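The following block contains the structure, expressed as structure tokens.
Going in written order, the chains are labelled A, B, C and D, and every chain counts its residues from 1.
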Amino acid sequence: MAILPVMAITRSDVAERLAEIGRRFDQRGWMLGTSGNLSGVIEREPLRLAITASGTPKGELSADQILEIDVTGAVTHGVGVPSAEARLHVEVVRARGAGAVLHTHSIWSTLLSDRHAATGGLVIEGYEMLKGLEGVKTHEHREWIPVLENDQDMPRLAGRLQEVLSRNPTCHAFLLRRHGMYTWGDSLAQAVRHVEIVEFLLEAVARADQLASWDAREQTRPGHQ
Amino acid sequence: MAILPVMAITRSDVAERLAEIGRRFDQRGWMLGTSGNLSGVIEREPLRLAITASGTPKGELSADQILEIDVTGAVTHGVGVPSAEARLHVEVVRARGAGAVLHTHSIWSTLLSDRHAATGGLVIEGYEMLKGLEGVKTHEHREWIPVLENDQDMPRLAGRLQEVLSRNPTCHAFLLRRHGMYTWGDSLAQAVRHVEIVEFLLEAVARADQLASWDAREQTRPGHQ
Amino acid sequence: MAILPVMAITRSDVAERLAEIGRRFDQRGWMLGTSGNLSGVIEREPLRLAITASGTPKGELSADQILEIDVTGAVTHGVGVPSAEARLHVEVVRARGAGAVLHTHSIWSTLLSDRHAATGGLVIEGYEMLKGLEGVKTHEHREWIPVLENDQDMPRLAGRLQEVLSRNPTCHAFLLRRHGMYTWGDSLAQAVRHVEIVEFLLEAVARADQLASWDAREQTRPGHQ
Amino acid sequence: MAILPVMAITRSDVAERLAEIGRRFDQRGWMLGTSGNLSGVIEREPLRLAITASGTPKGELSADQILEIDVTGAVTHGVGVPSAEARLHVEVVRARGAGAVLHTHSIWSTLLSDRHAATGGLVIEGYEMLKGLEGVKTHEHREWIPVLENDQDMPRLAGRLQEVLSRNPTCHAFLLRRHGMYTWGDSLAQAVRHVEIVEFLLEAVARADQLASWDAREQTRPGHQ
């Protein structure tokens, strides 16, 4: 992580790529109504992070709506207000050495975050798609996705996140209850892959539960043999 | 509201933007079969409102299919018939000082409007997405979405709407039973955001009900522990 | 119907428009895997009908994949084989004086055609979207959508269709069991509107059934008050 | 199969077409997060197969991300690593004389592969869409779709596949449990049609099960007549 890449990534490269990602995820219905935020590391020491400005509709996202912030969340380039959740992005970059952090608001992450809040998370295992998560080599992998209670107090939430990330050093994503999903990656490309993999798995798990319940039901139905 | 913006919005600006919104919402399946209508205020005193002509397919909506009407609903520019529901748009502009009113016909608003008609509306609370509604600062917000019985008698429906809006001075949207959803905003951008937020929340609430029922069911299933 | 329009519609106009419609419906998932077929009347006396050739993927449909056939189904222009179901298109044009006939294969029409086969059709009523069907003035309209048993014997199926259309002189659409939906209109634009309206209503009805069952279930659940 | 087509298909033709297919299927949500792989035969004797490189996002797939491999899976043209599953593609080409093999990761194939793993497959019958499968002439066709247990040991999985294909000489597709779907065709166009048909049928079957369960449930509900 301390070693700089041979070819420097420029702020405008990252901004262009974030804008494309926003437009793409908007089409999937994962960033409706200006929700969600996207960031990519421009430089590590000292940290310069490109991040979507607050209140931007992602379906029309353009590179000039991407801000640059420092480790304290202060804007060092661009016009606009970074999301209050910028702090969580910085926390993930710090804790995981991530090169990109992406946060979506999908229907399925919203529902499953609520359903599994009481147990602090959910297990996903046995799916081939798990191999899309960096470092996972087999579908027999058991992925724990922590769920954090939603909170408007960002310092407090960032503190709890730090704890959760340190207690779960190998997790690839987390959910905020009735709020949405965060994932990350070494690069923007890897983080995009992780979003698509986790969103797919959450939908699969939720729909599988519904189908499985039908089956369970069938077997206990009076008169059924 | 009495103060004019420094730079005047022209009729053609509003018409272009409404056409874009129509094409976008059509892609989401919220305006199928020429359904729904979209309006934006051009001038307030006297009221000049740009509004989609009746019977236009929204997937190919163009600026020349947008009419200008006055406060009585009479066409003051353009060729075509305004929707019979233009009266509801004018009512919302008057009651809320809205700069734009958008009306969609989605599957989820159709279903939930029916499901919650008997109680006159539904509560949505605890979702981060609620913060996309203007003035809402926390997911702990409790949003009441009134449901009005559908009616082909527009003066009567407009009268009931006036009453509902005055009884619910802070609501951001309402449903017409087995018909669709209305929301609004100070600007077109804000109204678009409200459509996306409310449509997302309605889908989340409906699907959460289905998942929660499974869970309740599981617990009462004979032989389940 | 005997009166020719002032401006003649050319074969290539109809072909271009059918190709656009095919690409649009493919995106909605209503014509997957070369399924479905689309036709528009070029001339009535004698009948010349533009119709999609058999086996064309609708996502890439182009005007040169549209054939012209006569009342017997013989190709009078273009290269290719018309769908075996061309006979049903001709039947609808004859029975209803339609200017366009569109046939889609959606998930919801497939499912509901099976679910309601035993009663020979389904009623849809109380939805505002019904007003998108030509001649319907109120959501209180009661639309009967006949379901015909699927059949590979086209003369026999066309005979049954003739009977069903004559017994249901005001219906706007029919389903073939576990097969798909047919609707029509005076013009291509009207027929497109009917497709979107009927597909919307079928999805609404199917999903409403699922939600309503939950509610019924809740009320009979042991321990529920 | 031994007879060469009059006009030779070039590697770049196949690569361009595979890239288009990838982008199209990505839009449908069938190849999220770099999942799935696509191949087309360039030459049969000796076998030269164009195939997607491992780890490519399909939404931006371009022809230069397509590799050429021989019958052993060794790369004979292009830069990159072929998917570990290239072996399964070669197996299908060999066993079926296929000209193209397409592998998708959809929600519905993932769920149904799990649901029907215990019985080794599922039957689909009675749907008109079955006629989209090569050689099927009537909706009364009974299609058996085998399900294989997922496995990271490719030689072992290829061995089991060989057995399954030889035991089911007329099947058009198979599923890997909690993994995805494989289908094929004489040409790329036919294989694309098969993907769309099988994906449609899997969704229809899964949703029909849910609706049917409701109906069964209704009839056994206490107090229901």
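By our rule, contacts are C-beta pairs under 8 Å (C-beta built on N, C-alpha and C of every residue); 3 or more make two chains touch, one makes a residue touch a chain.
Predicted model, so just to flag it, every value in this text is computed and none were measured.
Under half of the residue numbers found at the chain A and chain D interface occur in both copies, marking it as a different-residue contact.
In the CA-based superposition of chain C onto chain D, the rotation angle is 90 degrees, rounded to steps of 5.
Chain B and chain C have CA centres that are 30 Å apart. Between chain B and chain D the centroid-to-centroid distance comes to 42 Å (mean Cα coordinates, whole Å). Along chain B, residues 210, 217 each make contact with two or more other chains. Residues 24, 28, 126-129, 132, 137-139, 189, 192-197, 199-200, 203-204, 207-208, 210-211, 214-215, 217-218, 221-223 of chain D are the ones touching chain C in the complex. By the touch criterion given at the top, residues 29, 32-35, 57, 59, 105, 107, 110-111, 114-115, 150, 152, 176, 178-180, 206, 209-210, 213, 216-217, 220 of chain D touch chain A in their complex.
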